[in-house]
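The following blocks contain the structures, represented as structure tokens.
Next come two complexes, and both contain subunit A; in the first it sits with subunit B, in the second with subunit C.
== the complex of A and B ==
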């Protein structure tokens, strides 16, 4: 029998407690009837009512989700093709990967500022399209990074076997290559989704014309003093992400099980 | 009739030439083995037959038609890969049915064919298993079933048994041989394991450094290796430099022995092969050579005994009888146990020489 209160377990519990404390603090006050977080008045759903009545906020949430889904989808397609191409490029593979990783590590502020300059130079109006394009752009390297290892570990004999059994190039690609790298594609898609959902810095630069995403909106509202409607929203978001993580883990466990030789 | 023919095929990758000049014919319904050390080019030959690579020179014919540039998906050839290459997202049945689905066969027909192929590899009840529920040996069988489900004219097996443990490998050897007889199609099996090649094949082709060293039946290759490489690669052997004295007499280490080879210029420097299991241990008096036992190794079926003769030459002897290290023994062998190899003799020249004096034998008899 292992000791229940070992030092390792205690440390882990402490870490988790500290990480989740602020979130639970936020959630706790979202149910308070007061308007500030300096003392719990009594239980009420009033902040949720204002949240769901706030059409501006709801439309921003929808915008954010649409941007995230579209950006994740498009960047997954481009990033996966990119990973396949990088894997095929024998000589320039390293250089291409370095170029990809530079985009990953460079600060969001720099990327955001450069997009702002780029869009104003081209005369693109700032709004939905500028945000979508820049989100796609910063998600691609993430997808490449998630998909590439899967592409590399896929044995070449798998596509050879498909050709051998009579598959055309397209059939081999769609029926063998894609399913074989699917776990990487899935991981890339979800990573791109979360990156796009949370992005603040890049969006802050390229948004305008009344268009806003959740991160930017919360930031601008928080500057005028915290409103407990934000707490209610955060609670909803927290639950949604909990569900998403659950779905994702179900998916990836299944994917892994099938990938084992 | 030859179903597959290579004529002067060359293939290189970058600066390295893998296949230098390969010509052979494959007949329908036989079990062929391409045998060679790693890096000899044997897998490249298989990839050329399957159509994964194209030759740089020469021509490949299938059923009389040149197929140099015919893509892999248009060839009536299927491959069992070394790593099985099973599709991880599909279950056993779907893997086997993969090729049939691509041919747009009727659902019912696919069902029947896939079940038939699975039954042939003794996996009848496994159709709906997932791949990760199977052992390595069973996955191997699925790979074979998938390849034969398409009813190819030629089945290629690339080191197909090398990932299995010894016992399973032995079983699969017998099964593959049976399967080939049952299906009546040509199998081309690539391996570096000479024992496997000898046990399974009708015909063996020995490849080394991009050339075919020798081809023939297992018995021919074992008993009459054409050169030093083949003698050394196939089985165990004592290879000794010698001189031909005249027809049917060869001089080894200064002693003359009767042999069964002829047609070689007297005085020509040759090499003789004596298989360790053909050497018998006897008393010093009745032996053709006297020697001292240096070491003895028990190997289960026999003992491997290393001895050195009075002139200091080493001999390897395989015997089921044990002896004592340090003991003086005699070595004896029969004239037919000596096989004489000429240096640089081609297979054609060897066959011609053999034919010439075997006819003489015949006339005398």
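== the complex of A and C ==
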């Protein structure tokens, strides 16, 4: 029994080691003065200097952040209203949920390709707006799924009490309902933010020529081979995601529904 | 009353518009597009081209086979992993540590493997040290399977872990009290109770494994070996949207089959979207 246990520990250690190996491999070589991901030359910050002097890269980072914040904000508003609508719907609730989840289970290539056809069909110019609309679109269902459990567990008596005390519809909504489901809304916002920041495939399809986000830029540079500036970038992004995870775990609902992405 | 109904409608209108414009319309359009020929006329030519082409059929079978391999590998690693994590004292912490890599953009992780799998990279150094010689790893189908399995692993662990943690300890105790061995308890009690988690995991891994095109492009040597790559190729390179949509419809059908086989009831994947 004891032997089995230590075997298990060994397995755990090995898997965790392999999980983090690629990430630390990237970070390690970001400090190499060479230009390849093998044979560490000597310690240097030259790739960070290149990164922070790369105005194209910085403007792409800003694009990515603007898209993510706008998409998260707008999808949180629409998704929250959707969760409330699904909760109110009595007979059609199941069908609404199935429709809601279609974009959650669809492969990204299908979402990307079908949105590309859609935008072309409508004559929408590919670029900032098509990317923003797409991001809002695929973030909405996750917001709904994060907010819905909160709406469901909110006792009706809360809003009823507000009405009895003379609150208007808007007052009951903004001062009772919204605070009661706020943890779900926050979780939804953060999930939407990470979905948007993380997306590559959908953006790749609908981005056109002039506009680029970080993931698309990394892809096109990685296709040209090793570039240690990408390694420096991944160190920065690793630190940013650590901060995001920290914020998310501080603000998210404890326990259920808090399944980190 | 009518006034507040109007207000409510106004408030939920964007959500219903989204359902109509970004859920239903694109699906209808990709289906419609699959029946459009290069000249823009309605035709079943794309489906005929697809069904008559040995290349496409072989690619589809390959894609399904690789997705199966990737799913099987992740399942074989993820199940014991989830089980062991669930036994740990600070299991929430270890699970979080398991999930953390999914927050790193998958392109960066894929990019890391360009270095790791290269001729003079650490994996080849390891095989050389073990006396197995060096191999061309990068740009092979095996590289695609390894990297995809690496990226998908957490999405298999998470649902299985949730299922294992959800088992009431009293059930396991009852089984042991009634004289079942640990092995019997596992196969007769624990495994059946975690079947839902396994199915959710299979769903969360198999479908992206069919469609991940960036990994095949970066690691698999720029060849069309998955349905996802074929769709990307037709939409963005050869500009044959009709045929691309046809393969898209094939992918959606494959996805529906997987979902039916793994019981669509708890279909909401806990993972994320990628691939």
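One rule holds in what follows: the second predicted complex is superposed on the first by the 236 of 261 C-alpha atoms of A that agree within 3 Å, B and C clash if a C-alpha of one lies under 4 Å from a C-alpha of the other, contacts with A are read in each partner's own complex, and residues count from 1 in each chain.
To be clear about the criterion, contacts are C-beta pairs under 8 Å (C-beta built on N, C-alpha and C of every residue); 3 or more make two chains touch, one makes a residue touch a chain.
This is a predicted model, so every value here is computed, not measured.
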item: Which superposed partner A:247 touches (first subunit B, second subunit C, both, neither); value: neither
item: Contacts of A:176 with subunit B and subunit C, given as first, second, both or neither; value: first
item: First, second, both or neither for A:110, with subunit B first and subunit C second; value: second
item: Touched partner set for A:101, first subunit B, second subunit C, both or neither; value: second
item: First (subunit B), second (subunit C), both or neither touched by A:223; value: second
item: Subunit B versus subunit C as contact partner of A:10, first or second or both or neither; value: neither
item: Subunit A: partner with more touched residues, subunit B or subunit C; value: C
item: First, second, both or neither for A:164, with subunit B first and subunit C second; value: first
item: Touched partner set for A:155, first subunit B, second subunit C, both or neither; value: first
item: Residues of subunit A at both interfaces, subunit B in one complex, subunit C in the other; value: 259-261
item: Residue ranges of subunit C in contact with subunit A within the complex; value: 4, 7, 11-12, 14-16, 18-19, 21-27, 29-30, 33, 77, 80-81, 84-85, 87-88, 94, 96-116, 118, 120-122, 150, 153-154, 158, 162, 203, 207-208, 210-211, 213-214, 217-218, 227-228, 231-232, 235-236, 241, 244-245, 248, 251-252, 255, 259, 267-275
item: In the complex, subunit B residues that touch subunit A; value: 50-52, 71-74, 77-79, 81-83, 85-90, 98-99, 102-103, 130-132, 139, 146-147, 150
item: Contacting residues of subunit A [partner subunit C, same complex]; value: 8-9, 11-12, 15-16, 18-23, 25-26, 29, 36-39, 77-79, 81-82, 84-85, 96, 99-118, 121, 133, 136-138, 140, 145, 169, 194-195, 197-201, 204-205, 214-215, 218-219, 222-223, 225-226, 230, 233-234, 237-238, 241-242, 244-245, 249, 259-261
item: Complex contact set, residues of subunit A against subunit B; value: 155, 157-158, 160-168, 171, 175-176, 179-180, 182, 257-261
